[in-house]
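First chain written, first letter: the chains are A, B, C and D, and each begins at residue 1.
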């Protein structure tokens, strides 16, 4: 069998300010027909660059400077723009990293999905629409007949990612490239999308290149794996071999980072003095968007009676899928969003609900660290400046003392001090996230609100940042509210875990107790959704979104998880909000008995 | 890349020439600016009068050299004020809803007051002097700068790093000046270039009203205007000031465009 | 060559563009203020008298005017005159037309003249008796000023004109245009033109371009610089030497003007030849700081010409203690060419060791807020038909527009003396002395008498200069015809 | 809340805020008119103003009433659709403005008809070829053209097409227009001159908006689908640029209505701008106020329309 895709000696360079820097060097690859090849490697290793080269495309500022690219008998490297145009979308199709950004917000989904078929003159509109609906069905999209009439913002991220795949598959291309199609999704959605992809790839016999940085994901779908680092191939081989017997040191590091983490050693803190108030205490917080109704509840109620406490030096993990209200919770604590009901106490003293009404001291004590370091750092400000500002603002440091303190902070987050003069654009993702952290630490806070600080990072870097957080906690005694959708991460860092679903608190438990004893059905679902570094896991796991047959939605007063709950009791769960079951190390909001869970 | 470098060179040369003429031009002027030196008017270029003479028989070269100083200086300062004030409030408006409300209404009103009325009120209450002139020009063009800056800043104000600064309790002026502004330098500079053109043109319009540069001095636009009767016979007196004005503004915009990496939004 | 029409051709439509018009355009003779108004007035109305090309009054709606003492006047009206609406002209109309100027609500610009008329009374239907507060031999000329055009009794609505004039008003749209059609029932010499359309183009070069493109036939206030160009292109230019002037106004009752040396020095700084050549391209006559033009029968040629003498001016400034001082001078486009006059003086001032700070102010509101209020400024005076009028309005101690604030009891006495005197040679002598007094003492510097310049298309015939104003003293419509070629 | 109801609310909100602004504008214009100095009586009498003549004329025009009373009277009249009568001509203001406004709208409309397509085409082309020679030439040319004073452009155009070539009339009097051909002839020069002024800014803003859209990742994604360039621009980039483009067009058009005094004077075109200048010169305050209201109303109408277009064009806002 001959290779469908062949890359040899591929070189790609970026031209910037007159200089030329090599991005990707000496890539030799081939993919057999019907095979799925995974490209794996850390952020910036050149995965996307190589994938795009298969379309004969280099991003603005970059150029393919050498090597041969052959796809389905076409010599891509020798084709001009017009010839490439007839190839793209027809012979090679591309599923972008972020479907949300790749869909045109102004056009309906159907128009965009069938566009490749129309511009290549493969079929007429009606035929294309029929085919698209077939693909929607095959990709397990809800409402396959009407979803095409919606606009991109009207469907969820996971659905968009599948719609993008439909768009790629509509022309029956010889090769499909999936560029990290699930990285931006939370675990439960990721499973759903992965399942759909796998089914389609198998059923259509598609040849695919699958780009990812997550080995566990790759394990589910790839036949062969190619490990990249710094623009060169480190190791190539059968999936089994790379996963179970990696030869290269970097491959081993990757496999190591993907293995389940040992829970962090609990950190010994002096026991609270009797009568000492907890550092942070939330009681019955109700928050949301839009005006308040007659009962004083917001029109769109995002958080519904959430209560929690965090003691000095402790870590609370908050988990839940996208849209469950995690960020809103952090915003309420940080004063960026006013709660409609309930109160927030800091050291036993009520915190004003708005920033403007908070004292500078209160602001200093609580610091928010954002998920996306790209947007959380001012691209026009040198990072030394960024970190130095809280020092001036809260502690009045200036000049040399400030510079010294900035250097100390950089050292604390394991960054070279020389980096202070750079702009964020000149840093890697992991470096940016550390700067982000250093800025929060500069205030010398008592509580750090970490909103998905590791989600945007590849596993190796994410590991490093997590380790750093653990170290800092030990060194500085800060408390964390650690928000994530990744239950593994929570297990690694938190003392207590709160599970949010639809703005309601489903479970509050000791982190070490996770995985043993009774749990809320949703918590179980979350835990089951974490991909395992084992081929075939995907097939055996349950489908997180499949509504339990015959179970419609609950009333407004019912349990939010009702429609997806396998243990739901119609007649009770859909009508009445469950009270909390109390066990020694956990609180579970459910109508079932503890023993049943 | 070669082309931007050529563009930059051309732009910088034009701006440099204007600046040079603004600085030392009046010293180089061969004749006194108000002196009637030629019995003929609108005379063509000659050895004695390289750019001919104007409608009164004054030396056009001397007048252009001096007028450049006024156009450059006044337009620059006025545009600078309009841009600074407009940008500060525009950025401030983008980060606060009631402030946005108040400022937007306020600037809508300023736009709505006819500039003729406004000019007259200014003259009757403050008299005509160069500071008043600059102030008037600035007021007329502040709302435009405000709108542009506000639209641009609305995009930036939604980004997380602004939220970070706000959650730290930073004041409005820190957020506006240190966090938002540096991200908008490019498009705002492009807007500045275009606004400079409009200011330079309005300057000559105001001098018609009596608010402008006082005789015997004039700005470039006013030179074009006072010599317009010479257009019919192609008098250099009308062509050269127009040319000087156009090359100044084109040069400035070319420079800004190439320095800030291409013309971005000028909304 | 082309056949040239010697005898006027009837009919045709003349399109005229004047320099100014606005929504303040009016068909009310009392409110007329700009050339466009006067032209329209002359088309649609008649006065009791009219001024001829020798500046003499001729009878119009009046058939005869008689007086014995220059105080009590009897006016006999022309019979058979009809208004455009068909009603006959009666003494009542005349009384109404003259007396309405006294009502402040009318806003008349001729109120000062009307106030001399202590009594205006109808005698029967065809005679009017006017009694003046004091003798004034010039009444027939005063009656010719445009504001005293005769309207129908009890007219308050001036949206259309109902006059007795050679044209009927077919359309009047203030600030846009007016159209007159020939009145075929006119009592006097019928006009040649069938129709006249008047509008205005404020922009000087646009006005000329419209003429040159053939869109219009007649324009006024042309820039003297383009006359050669116009003539070469086959267009006609009408120069009407007039007694109008732009004058330097130095208040002698405030500021430096209180010092007579300062006033004299300022007058000496006027380089009249340069002004005439550079600013007016020769279309002006050098004046001598007094308001009576050489064309007037009362002109006094013996007043010594004031030279351009910056050195002596410098000496006088120093004498007044003003060496190196900065003198603010207010100019405006409202006072025609005052900017340019000031600039020429400014250049001369440098040689006299003094600095002029020219402050140009808007034309808008100039007359109310700057004129006669600033220490040194400019005024703009249209030609007046008699020395009495100009001295009364601008120079007597009680003159409403005593621009420089100069007051002289002897001057006032001479004015009254001349006014009541019917002997021409005695008047000439008195007026001569008054010219000398103004030249010597008043704060007014009159550099030039400016000609009105109009231009017309190749088909326009019959234009000739009239004293006082351009466009044939605003009465072109009655005289012009269009060559049909 | 249903989508259409939400959009209706949003739009109603915009309109309400525009109306409120209009009220503030009326106050501001009135206040400024008080500061301006001089009144209609002084303006009418001009050189011949004497104190008692002034007093008499003022009384007859009701100018002796206190300012707030005059303002209220005018405002109440306006709310009833009657802006009152002109102090100077004594005619109803509505009747004076209506034909002029129609003229101005006609001129602005024709100019928009010419300049908007030209500006959009050039702006889009420049964006497509950004960085290329065409883009640079358009960029320099637009700046070059805006920096030539409009009276110079208009005068040059008249000199060439009317005086020298005799192809077109130098004046744009509306009366003699009886065919489309005549209409085109009469409006050719003023429309061309005005278009020069407005087109430049529209080109720049269109270019910027399309450039923004063209560098977005959905356009890159579409390119990777094999979408040809023309479709990329018209089908993908342009719909996203509609909001900013509508805003640019609205701003330029509002400048057309108010800022064309020079063009109106040179072509002797009876529009509102000249009416405004006249009214200010004669201190005909009811007229000034009413025209100022019309200016700001048209500005607000245009800007609000642009807002609404942006809302309707954006499915994200349409189906919140």
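Note that contacts are C-beta pairs under 8 Å (C-beta built on N, C-alpha and C of every residue); 3 or more make two chains touch, one makes a residue touch a chain.
The UniProt protein names, listed by chain, are A = ABC transporter ATP-binding protein; B, D = ABC transporter permease.
As the structure is a computational prediction, the values presented were derived from the model and not from experiment.
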Exercise. By the touch rule set out at the top, what is the minimum number of steps from subunit A to subunit C?
Worked result: 2
Seminar exercise, completed: Distance between the CA centroids of subunit B (ABC transporter permease) and subunit C (whole Å) is 42
Exercise. Could you state the distance in Å from the CA-based centre of subunit A to that of subunit D (ABC transporter permease)?
Worked result: 49
Exercise. Where the centres are mean C-alpha positions, what is the separation of subunit B (ABC transporter permease) from subunit D (ABC transporter permease), in Å?
Worked result: 22
For this session: Provide the C-alpha centroid distance between subunit C and subunit D (ABC transporter permease), rounded to the nearest whole angstrom.
Result: 40
Seminar exercise, completed: Note: subunit C residues in touch with at least two other chains are 205, 209, 364-365, 369
Exercise. What parts of subunit A, by residue number, touch at least two of the other chains?
Worked result: none
Exercise. Which subunit D (ABC transporter permease) residues sit where two or more other chains touch them?
Worked result: 37, 151, 155, 159, 163, 277, 280
Problem set entry | Every chain pair in contact, whichever chains are involved | A-B, A-D, B-C, B-D, C-D
Seminar exercise, completed: So, in the complex, the side of subunit A touching subunit B (ABC transporter permease) is made of residues 334-336, 355, 358, 360, 363, 367-368, 370, 372, 375-381, 389-390, 393-394, 439, 443
Exercise. Which residues of subunit A touch subunit D (ABC transporter permease) in the complex?
Worked result: 52, 55, 57, 59-60, 85-90, 93-94, 96, 98, 101-107, 112, 115-116, 119-120, 151, 153-154, 167
Exercise. What part of subunit D (ABC transporter permease) is in contact with subunit C in the complex they form?
Worked result: 37-38, 41-50, 52-57, 59-60, 86, 88-89, 91, 96, 151, 154-155, 158-159, 162-163, 166, 169-171, 173, 262, 265-268, 270, 274-275, 277-282, 284, 287
Exercise. Subunit A touches which residues of subunit D (ABC transporter permease) in the complex?
Worked result: 215-228, 231, 235-236, 239-240, 242, 313-316, 319
Problem set entry | subunit B (ABC transporter permease) partner contacts - residues on subunit C that touch it in the complex | 204-205, 208-209, 223, 225-226, 229, 274, 277-279, 281, 331-333, 339-340, 342-344, 346-347, 350, 357-365, 369
